[in-house]
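Each of the next two complexes has subunit A plus one more chain, namely subunit B in the first and subunit C in the second.
Moving on to the complex of A and B:
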């Protein structure tokens, strides 16, 4: 299990995997695995807000986070200028351009590609909203990058928001043959976030394909030399400059923490 | 679960929907991202064979780039040493016209020289043509001024030594 920080959640029996209602099983094994306690429910976790008083009778208002266009106020986390200052718009040279990245390119300045930040902002907001919702539903999030310069920072970010990171060599069957790799029944991540979708030899990271195989949604920063097709919520942007990666990590962390705090509020009201 | 691992066929959402509809994935097995994806689908469906919208890469160029080209060419010809000072300006003009950039130089009125009127073949929009023309007219003045200053400096240095 080398390389996985705070390894993937381990289940006691297969029955627990199938069960989804919160009340039945969660508190039985909470004591055993409390730091890794996660709910498995795919049902929408509704908030009941007992605030409104109508004709003297308290009527609880049910809020569905999914109905709100931006429940976690993700659009307030950054501006296009922040992206520019963090050098998110800087792409690689024209020669290394991936065909599928052409729609995201603003232009080319003497051979150096420039990414369209208006588009980046739009896709980043979509991605952050999705991340926050997954965190709200207590999903397991895995940060993946093979960019050595920033790998330490990504691991730190994952630790700070209570999620997981894998920034080392990716052994073949980690997702596709998880039970065998880890020797026990494993629960796979509910979301994989790529800070860099390429590996050390500039080929697509195996985890991109494997997440698609195992029906795991992905969020990924795609640079001009990456293929964004298999990534569920791609975000076109610079993935090499440390200050850009720091910005992404900060935004992802904020989105996750927002989702988790809203979750806490909901639990307290219950 | 049968048929879920074909990453090149459809999207994760389409495959999950297929599994649910066929009954291979029970209600309790539905992954937690399914509902979220349903309410907030990505802008572009993430399927492997998706062809992007054809779009040309636009070259980002500024007005100053024409002036930069002129200056670099001028310095190049100066270094080569094939031309006299007076000829350099015209030589640069000619060299650049061979590469496709032609200038409409307006000589300052004090000089009273006949100007060779050549049409501007612009790479920029028509609205910027006017700005370009005014820039060109001052270019000749500045070059003359710079050359005179160089000469006077040289004379001063010579007179001092």
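Moving on to the complex of A and C:
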């Protein structure tokens, strides 16, 4: 069941990402949710390939951010050494290992698991690129964590990058019954970032399942005791040590701010 | 390092300009006649004494060292890490730093995944403040065990260690400063 939801979610995301125009992309995203949406400057003209046009006709150079492998240069934001110094590779004990996390594990040292940072770096780059694109398209981003030690820091990060955070008890129908819960027509987030995918009783956070139900893409830091199946962009890594969470928050904030600043630049060029 | 007039080597805090001028005066192998504003290091020339030391200390903390480390693969970094060198955590002595104090509970971070919580000792209890360095004997990096009937372990999200003693405390340092001033 969860596999089907995940494949649907991924296909949906892929389809939407393949769309060529910025305006189309943003329209398709928002049409999935409630009618009220932030007015996007959909008039951002997409630069057509100069090859298609006739020679001699002066065309403005148009860049399609979706076609660029790293439009926001998020790949340069961190190195494997940075991850290592922030203790991202440390996992729980073998007894708490989730079967689905086995591909991401480098090995175990006397019962303590070690996460493969080369894989983490790859997944983190993908996630940061996606976050930057969502921020570029004026998407709403929601940070979610139930890890009490780091929850205040996550809230502060969300505030600093102008996005939202939910680090308290998650009432059942926040996504699935939003209009009833909030009493008015609501716009759901376009991306949910999990700094910890488990809740206080070591069960998967309800928001993971609900985001998949509502077709909201998710980025999540998955530790060795988490289930990465329902998360669109899982990032295997340590989610318990404060210095690791601080590193993730810093990277996510930088990616979001890069996306937003690029947006401003593009709008000014019009 | 600068040579005093008597010839005895001593450490002295000098500005970079004085270091450069001193190097020009004392270094061997550079044309003494030329008055150059730029000082270029010629790797072919053999340096001795002050010049050799100056070159060595000039190269410290430059980018080349950092980039070398960055190019190491994760496997190399892990192999040379303290975690692997530690081996079995049972009985190992480590130094931790107190990052939070709650009445008599000290939350100590020693560089592992989790922190450990120890009670404040009777002796020198007031020296154990946030920022103090303490010596610990580790027992376990993570307190987790399987309970009857469950398929997975239950973890406490904490490490297990015994407090041995104080290494350094900001309280002690401020007291020493007071003594020095008076």
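By definition in this document, the second predicted complex is superposed on the first by the 211 of 270 C-alpha atoms of A that agree within 3 Å, B and C clash if a C-alpha of one lies under 4 Å from a C-alpha of the other, contacts with A are read in each partner's own complex, and residues count from 1 in each chain.
One rule holds in what follows: a contact is a pair of C-beta atoms (placed from the backbone, for glycine too) under 8 Å apart; a residue touches a chain by one contact, two chains touch by 3 or more.
Just so it is clear, the structure is predicted and the values come from calculations on it, not from any experiment.
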Three-chain arrangement built on subunit A, subunit B and subunit C clash or fit: fit
Touching partner for A:178 - first (subunit B), second (subunit C), both, neither: neither
Contacts of A:212 with subunit B and subunit C, given as first, second, both or neither: first
Subunit B versus subunit C, judged by how many residues of subunit A each one touches: B
Which of subunit B and subunit C A:90 touches, first, second, both or neither: second
Subunit B versus subunit C as contact partner of A:114, first or second or both or neither: both
Partner chain(s) touched by A:245 [first = subunit B, second = subunit C, both, neither]: neither
Touching partner for A:141 - first (subunit B), second (subunit C), both, neither: neither
Touched partner set for A:80, first subunit B, second subunit C, both or neither: second
Contacts of A:122 with subunit B and subunit C, given as first, second, both or neither: first
Partner chain(s) touched by A:235 [first = subunit B, second = subunit C, both, neither]: neither
Three-chain overlay, closest Cα atoms of subunit B and subunit C, distance in Å: 7
Those residues of subunit A which subunit B touches in one complex and subunit C touches in the other: 106, 109, 114
Contacting residues of subunit C [partner subunit A, same complex]: 69-70, 72-75, 77-78, 81, 83-84, 87-89, 111-114, 141-142, 144-146, 152-155, 157
Complex contact set, residues of subunit A against subunit C: 79-81, 84, 87, 89-93, 95-96, 106, 109-110, 112, 114, 116-118, 202, 225, 238, 240-241
Complex interface listing, subunit B residues touching subunit A: 4-7, 11-12, 15-16, 28-37, 39-40, 42-44, 46-50, 52-55, 57-60
Parts of subunit A lying in touch with subunit B, wherever the complex brings them together: 18-20, 40-44, 66-67, 94, 97, 99-103, 105-109, 113-114, 122-123, 126, 129-130, 133-134, 137, 139, 176, 190-191, 209, 212-217, 228-234
